[in-house]
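The following pair of complexes shares a single chain, chain A, combined with chain B in the former and chain C in the latter.
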Partner chain A sequence: MFLNPYYLQIGSFIAINALLGLGVYVTLSTGQLSLGSAGFMGIGAYTSAILTARYNYSIPVGVVFGALAAALSGVLIAIPSLRLRGVYLAIVTLGFGEILRVAFIRLENLTGGAIGFPGIPKLGGTILERLKASSAGARIFSSMNGNALESLLVFAILLCITLMSAAFFALQANSRVGRAFSSIEMDETAAESMGINVYYYKVLSFTQGAFVSGLAGALYGHVASYVSPADFTYHRAVEILVYAILGGAGQVMGPLVGASILTTLPEVLRFMSGYRHVLYGAIIVLSMIYRPQGLIDSETSDWLRKVFRRKRFIDGGVK
Partner chain B sequence: MTALLKVQHLETYYGHIHALKGIDIEVRPGQLVTIIGANGSGKTTTMKTLIGVIKPKRGKIVYDSLDITGLSPHLIVARGMVLVPEGRAILTRMTVLENLQMGAFVRKDESVGADLEKMLNRFPILRQRWDQKAGTLSGGQQQMLAIARGLMARPKLLLLDEPSMGLAPMVVSEVIDIIREIRNSGVSVLLVEQNVRQALAISDYTYVLETGKVILQGNSDVLINDPRVKDSYLGGDRPYNG
Partner chain C sequence: MEVDLNVNTGVYFKAYRFGALLPVLIILFILSASCSNPKAPSGGPAGGQSAGGSQSAADRQPAADRQSAGGPLTVKVGIIAALSGPAASYGISINNGFKLAAEEINFGADVKLTVLVEDSAGSQEQALSAVKKLINSDSVSALLGPTLSTEMRVVGPEANSNGVPILATSNTAEGITGIGKYVLRDSMPETIAIPAAIGQAVKRYGIKSVAILYGDDDVFTKSGFDTMKRTAESTGLKITDVEKFQKGQADYNAQLTKIKSTNPDCVLCSALYNEGAVIIGQARKMGLTVPFIGGNGFNSPRVVEIAGGAANGLIVATPWFPLRQDRKVKDFITNYEKRFGQKPDQFSAQAYDGMYMLAEAIKKAGSADRDKIRDSLAGIKNFDGVLGTFSFDENRDVSMAPYVLIVENGQFRLFQ
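And then the complex of A and B:
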């Protein structure tokens, strides 16, 4: 059952959406509300698509450069908009995303315009070919359903990348950089008076957010094998924001949980056909009313940590 | 003796508002200097300009024989001039201990741990509450924490912006005592206060600010008897005032 390509594909989209949610999380961890994630995602997706499909670079090269291109544009947008806060920054980043979306449509020679960019090399197919080329791989995998195997591989790779990114952000949160981020988020004046370079850390967090969004976008292109400007609208940006907020934007685990739930929900609700989006919306509304801090807040994440460590404590006789 | 801080003809604008109209201030090593003045006279603006949060339009700030005019706050803090901002500005969702650790953000030496210990000894209430979120402390305790956090940066010059604001009279006296102790431990202090009587009583030198200008200055023990200060800030010589 776990090899069902349908479930595996949902799993892959959960991983990508969780990555996007992490981008919102890290930007918000310095108190910056960005709605540019769809735009950064698009930069990553198109950069990698062009590099791999037009210039025959390998997928890893394309993905890395896609993420770097998004990070670079992150720096460029962060520097002039640093004075802006809250909704003002959100609106500037929203405008930035719209400029990009129109650019993706107009730059037809590069992006294929409104029709979209087809034929992006598929992540699973490429790896599968490599594996089959080696004789040992061919023997092991010949018995298995190629389609299922491909989906499984893609899912495993995406899960790895997402979990590694989440681990990085969790470690960072407890580091010097993470402390600086949360000081800035709590009180910028206080952060400044403690000698924290507020300017530097805000640009850093914004750029990290752009980087993971670009990474997710590039990966998305290689999973879907087709992207178009319609994939990177402000509607997508809001959706990504909701992953982080509903899951709990204060914790690394929040966006992971939020993306998992909100990506699975439309599939689970499929039986309701036309009405499923009504229930989807209702669930968002209700969870914001009853848990405005998100499903995972600092208390739940402390509690989860305790539950997972309980055994050791019982053995040691410490409460 | 050369001054630790020498401010020459400092002018600051908020947009078109001329907030500081040429201020000269001097703090010598080991001195406790007070700036007093009514609301809107430019006290907080002066502090913010000194620490680099606001860039001055004209004038010069020399600290520790170095021109720091226009330098960013983190560079100024790293050189040992530290501001405890108005309204305490503690990190409410961090614990007391984490707040103190954040105070040492710019330090790279090994003795931060030892200094933490010292600070917890100096402020017993903070030791009692070390694991609590700073937002759960009372106003007075938060002010102690803010000052302790400032000291964690090992300042040569500590800028205190209205540390007694919003505190009960008894707590104010406690804060004033601590400021005196800090000066006695060798740290120079520039203090902005509205509690004029107590500020003058502990400080060496005082500047009186009015609408962005220094209108009066002198040794604090002299100014405390100056009729102009008495009239404007100490409630005058009316009989019921003792």
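And then the complex of A and C:
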């Protein structure tokens, strides 16, 4: 049952959306509200698509360069707009996202314009081919079902990347950088008077957010094998923001939980056909009323940690 | 460090814990509800789960439930349609066309179609999940849809690599059947419709120069423009002006004034029906009275409804002509109106014929085998449906002559 490509596909989208949510989380951890994630996602997706489909670079190269291109544009947008806070920054990043979307439409020779960019190499397909090309791989995999295996591989890769990014941010949160981030979030002036380079850390967190969004976008392109400017509108940016906020933007776990729930819901609600988006919206409204801080806040994550720690202690004791 | 929690706040923690649990409980409840498949005979949670689990074994050829002595062949058919979201108005008429055809086919005794409909909400992500569900969890023998060409770009390669035949009934963009040999379509691409309309107009009106107006941020209008430009160039027409507009624009006077000043014999306009109706209305108001040739987006009775008399002189080419003197067409329109309370449009007609063609292919194949169905579907020639006489060409694409229509006195008439 777990090899069903349908479930693996949902898992893959959860991983990608969780990455996008992490991008919002890290930018928000210095108190910066960015709505540019859809634009950064687009930069990552198009860069990787162009490198792999037009210039025949391998997918990992394309994905890395896609994420780097997004990070670079993140630096460029962060430097001039750092004076802005809260809603004002949100509006600037929203405008930036729109500029990018129109650029994707206008740069027709590069992106294919409004028609989109078809035929992006599939993540699973190329790996599978390479595995089959090796003699040992051929022996093992010839008996297995190609499509299920491909979906499984894609899911495993995406899950690894997402978990690694989440682990990185979790470690960073307790590091010197993370503490600087949260002090900036609480009070910028106080942080500055404590000797924290506010400018540097704000650019850093914004760039990290852009990098992760670009990474997710590049991976999305290689999963869907087609991207168009319509995929990177502000609707997408808001969707990504909801992943982080509903899950709880203060914790690394938050975007992961939020993305998992919001990506699974439309699929789980398929049996309701016509009404599923109504219930989807209702669940968001309800959880925002009863859990404005998100499903996972510092108390729940502490509680979870305590539960797991106690369990480990008991296990140790039994031995 | 965080271990020594304050004892006094314990009560609050409990409250928070339950607060976190509540949404989780809601979701769990929904999950369990969805597992009990309403189509499964046993409604209980245990029965539902086992049904969901056993169906999902990977890569099996769909089972043909041929009842012992010559009973009808039962075949599972999956539909992907945009039933919600911005493309829902198209998706719903398409799905109605499918529904009506499937009901009529199942009324007969030859084949029984089990139709499974999945909503894609017009998004590529959901369309991809839907196609994986239909192929892997439901093991369908063939697919119909999806609604949008952008969705097909994602769904098509997936169906093709799984070897499931997929018949598009509403994708008009170029290169759809180029995705692979399991991808077919019965919806007329712009590359047939637009040249036919332009050719007819050139023949009748002796047009020598054209101006083009199009929306450059939409897949349909942009690909329509590409075809218009290519056709105008290859027929040797002089392009006096090319103007763009954006989605949601309400005032087209700037573009139209410029077009009027170049004095073309005709305006080629690639727009969706709601924009198109406004454009033609504003054009007539400022005295631009030359004929308009529209793409597929213009081909809707709604254009005439919105623009009124201004729509006179609009020329479109379409595979669907509701006033055609044919018993099949009349029956289809009456039955559709009776069933759904509205008139069928081009998309419901294409969907209706698509379902009938698939049923015929299944009948000919005599089994639920995906490859056999694909082969007999691709081999369909001179199929007599509500659209007219239909054949697939060697690229599994549409091979039929469109009807060129012109609006006269607020009605679409044949333009000959």
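The definition used in the following text is that the second predicted complex is superposed on the first by the 311 of 319 C-alpha atoms of A that agree within 3 Å, B and C clash if a C-alpha of one lies under 4 Å from a C-alpha of the other, contacts with A are read in each partner's own complex, and residues count from 1 in each chain.
The rule is simple: contacts are C-beta pairs under 8 Å (C-beta built on N, C-alpha and C of every residue); 3 or more make two chains touch, one makes a residue touch a chain.
This structure is a prediction, so every number in the text was calculated from the model and none was measured.
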Partner touching more residues of chain A, whether chain B or chain C
C
First (chain B), second (chain C), both or neither: which does A:194 touch?
first
Mind working out whether A:302 is in touch with chain B, chain C, both or neither, as first, second, both or neither?
second
Let me test your reading of the model: by the given contact rule, A:183 touches which partner, first (chain B), second (chain C), both or neither?
first
For chain A, which residues are in contact with chain C within the complex?
1, 3-7, 9-10, 13, 102, 105, 113-116, 118, 122, 125, 145, 147-148, 151, 224-226, 228-231, 261, 264-271, 273-274, 276-277, 279, 283, 286-287, 290-291, 295-297, 299-300, 302-303, 305-306, 309
Across the complex, what residues on chain A touch chain B?
176, 179-180, 182-183, 186-187, 189-190, 192-199
Chain A-touching residues of chain C, taken from the complex the two chains share
2-3, 5, 13, 16-17, 19-20, 22-24, 26-27, 30-31, 33-34, 37-38, 53, 56-59, 83-84, 117-119, 121, 124-126, 128-129, 132-133, 135-137, 150, 153-154, 157, 161-162, 173, 175, 216-219, 221-223, 226
Can you tell me which positions in chain B touch chain A when the two form their complex?
51, 53, 72-74, 76-78, 82-85, 89-94, 98, 101-103, 105-106, 149-150, 153
